[in-house]
Amino acid sequence: MKAALKPEDAAAMIPEGAVLLIGGFMGVGSPHRLIDAIVARGVSGLTIVGNDTCRPGQGVGKLIDAGLVTRAIVSHIGLNPEAQRRMIAGEMEIELVPQGTLVERIRAGGVGLGGVLTPTGVGTLVEEGKQVIEIDGQKFLLEKPIRGDFALLDARQADYVGNLEYTLTAHNFNPIMALAADTVIAEPHHILPVGMIPPDAVKTPGVLVDYLLERAQ
Amino acid sequence: MDAKEIIARRVARELSPGMLVNLGIGLPSMVASFVPDGLQVFFQAENGVIGLGARPPEGMEDRDLTDAGGGFVTAVPGAASIDSAMSFGLIRGGHLDMTVLGGLQVDEKGHLANWMVPGKMVPGMGGAMDLVTGARRVVVAMVHASRGEPKIVPECTLPLTAARRVSLIVTEMAVIEPTDEGLVLRETGPGVSAKDVVAATAARLIVPPDIPKMDLA
Amino acid sequence: MKAALKPEDAAAMIPEGAVLLIGGFMGVGSPHRLIDAIVARGVSGLTIVGNDTCRPGQGVGKLIDAGLVTRAIVSHIGLNPEAQRRMIAGEMEIELVPQGTLVERIRAGGVGLGGVLTPTGVGTLVEEGKQVIEIDGQKFLLEKPIRGDFALLDARQADYVGNLEYTLTAHNFNPIMALAADTVIAEPHHILPVGMIPPDAVKTPGVLVDYLLERAQ
Amino acid sequence: MDAKEIIARRVARELSPGMLVNLGIGLPSMVASFVPDGLQVFFQAENGVIGLGARPPEGMEDRDLTDAGGGFVTAVPGAASIDSAMSFGLIRGGHLDMTVLGGLQVDEKGHLANWMVPGKMVPGMGGAMDLVTGARRVVVAMVHASRGEPKIVPECTLPLTAARRVSLIVTEMAVIEPTDEGLVLRETGPGVSAKDVVAATAARLIVPPDIPKMDLA
């Protein structure tokens, strides 16, 4: 059974310089109250890993606005001029990763694989500095696993075992990130008593989740 | 009919029943408006839904159901939610019948560049590299020239999206098919002659004797 | 929309020498009516890929009893003395694969990855003849993707789009195999009208499924 | 108390609250019967359920809910269904706190052989190689000798299950811990002296001065 934390107590666990896997796609399926609590706490030097840098004032964009992020591993920054400005000013390092490669690298980190052999990026700038492995005459890039110190997830609902359900386009990176961090904190919209989520509806088994955020008041 | 509508209408004619199709943000997303009546195709948004529907009525938006551009959408009956690993598994695994993307440049080898302009615009590749690498058919939907600069060029000067040859290029002036022999002019747009297309194209075009007009019904 | 086939019509699609991915774990979650129809048809020279060889007279064991299987790629044959007898007699070739490696090899085949880099099997007999890749000082085996001509799946229920739900320990290899064959045939216990399965409950999107088996009479 | 019960009772004392534990078929599965009262652990069966419960009452079996041996089980409140990719993702990814497996041989390096006897018994490794490679703690539960043949040997003569050192060996005679220095005798079983253990063990044992008896309460 997992006790539900207040956002400020969850944020207090995150040290400076932590690597955070943060669910969401342009803010949809991001743990918004956790993000707000981290901004309020002001913990800096963060590396964020996720689909994108969202927009200024939204989702993970708030962490960037507050100057807390020194490195981002994402597939897209095009809708966040503030992220681009900070990148050009040298305040923030950005590693751009093809979206499908990014999610597989996180999965590899989570399921104990040594890396990902993907055709994506072969013959492009993404190939630079990477091992190219030829298998039966086809070329693949060896992309390395990614893990986080923390995974911060949005979920539709949870039970107190920590089992999670997600909804619609708010799934995105969340179920994969749940596998790939030392500490997993989920922000469910609802928390149900144990036994209320049918086993077949569970998308992230509770054994992966370390902490739940209490529901919004 | 403006250039974008011509392009979207013509691309819509590439659809066939039962296809799984990914439409990029911007111009490509307009294709959904011109699906022939009664034709059932499934639109996938790489952020996580198969069976994307139209924009919801005002006030009936769901913050957890958006397209890859972050715009509110609906889902059709029979839709399925998927996470990013499944989404890109479908894309890279050859399960996506067609992707429609915008382009900055396409060259005589049929190579596409659409994700960055070094020193100017570095939005990130998002899902584009996986889409171009993995989709069965890659259709580039773009205006023929940008501020007088031809976009169909002898060799891409911008970084490639993938080393793979795209399937078709659709502009308001022409439908062009990259082949082993080079770029073949297949159709011309409304009020445009083959000569006009050749004049507006920096790449060498193979021009067969009889070139039909685009069917935009 | 997918029409539901009679078992004999489904079996009739499978040619001699086909590679069949068959869901199930000791017969739980196996497509039993499809297996019976293949036995009735008597199509031979089959390669079967799945967790195990079940028991004589049960699940995929029936295919082996009937002498239809010349090759099996499985993790376990210990509970099928008939499979062992045929292996020793040279009537059937068996490739034993660690269970976690087997499911990842099928997944790699399904999601377009070049192979799997797994620590499982390093320093054991399983390493023989395989490329060992060292990544950041740790050794991994490069295990190659597996695909089938057909995937034969058991599912709890489907809709006529082909969306599938599974239940309890009858999931096992089914959702992964759905990704990795040229033709996917699912045997659902129930078939619902389109729109009756909530998008979040779908575990295999219908676009992956080519045919449904009609319900048992 | 017979040998198997001694072993199962002693292994059960290795459990601690909140653990995710995989019990192998046969002797290891008996451990579930001796979980200390009030201790919440989750048992995983690699075929696809987290939160395995006891055998169901006669007539209440579900054919889609079995353990890895194919025996009928139940699921506890808060259980989750998982497919084989998730199951082995958890195992190989370091999410499984403990696995309890049978053994044919364990040697002075702590290497385990438990999946084949060349020329005699080739059941296949099933999930054993992944379990021994990936679980945080690997506990070998086996009788001390088989028909007078010591099973704890200087060096395994049978094919290894993994190159990894197991965490603990529990027999009816002893608890033995493989360490950098070799096999250390930690506890002795009921009515057995350290001398008896040494005599029944082919491997060199490190015997500390004071060796407690097994606590089997």
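By written order: A, B, C and D. Residues from 1 in each chain.
Operating definition for what follows: a residue touches a chain if its C-beta (ideal position, glycine included) is under 8 Å from a C-beta of that chain, and two chains touch if they have at least 3 such contacts.
Keep in mind the model is a prediction, meaning the values are calculated, not measured.
If you take chain B and chain D together, the chains in touch with both are A, C. Note on interfaces A-D and C-D: more C-beta pairs are in contact across C-D. Inter-chain centre distance (chain A to chain D, centres taken as mean C-alpha positions): 35 Å. The mean-CA centres of chain A and chain C are about 32 angstrom from one another, to the nearest whole unit. Between chain A and chain B, the centres computed from C-alpha atoms are 29 Å apart.
With touch defined as above, residues shared between interfaces to two or more other chains in chain A number as follows: 104, 107, 112-113, 118-119, 156, 166-168, 199-200.
Each of the following residues of chain B touches two or more other chains: 49, 75, 81-82, 85, 88-89, 91-92, 134.
Those residues of chain B lying in contact with chain A across their complex are 45-49, 62-66, 68-70, 75, 81-85, 87-89, 91-92, 121-130, 133-134, 159-163.
Chain C makes touch with chain B in their complex at residues 1, 107, 110-113, 159-161, 163, 179-180, 194-195, 197, 199-200, 202, 205-208. For chain C in complex with chain D, the touching residues are 25-29, 51-52, 74-79, 84, 87, 96, 98-101, 103-104, 107, 118-126, 156, 166-176, 203. The touching residues of chain C, when paired with chain A in their complex, are 104, 108, 112-119, 133, 135-136, 138, 140, 142, 144, 156, 165-168, 199-201. For chain D in complex with chain A, the residues that touch the partner chain are 20, 40, 42, 49-51, 75, 77-82, 85-86, 88-95, 134.
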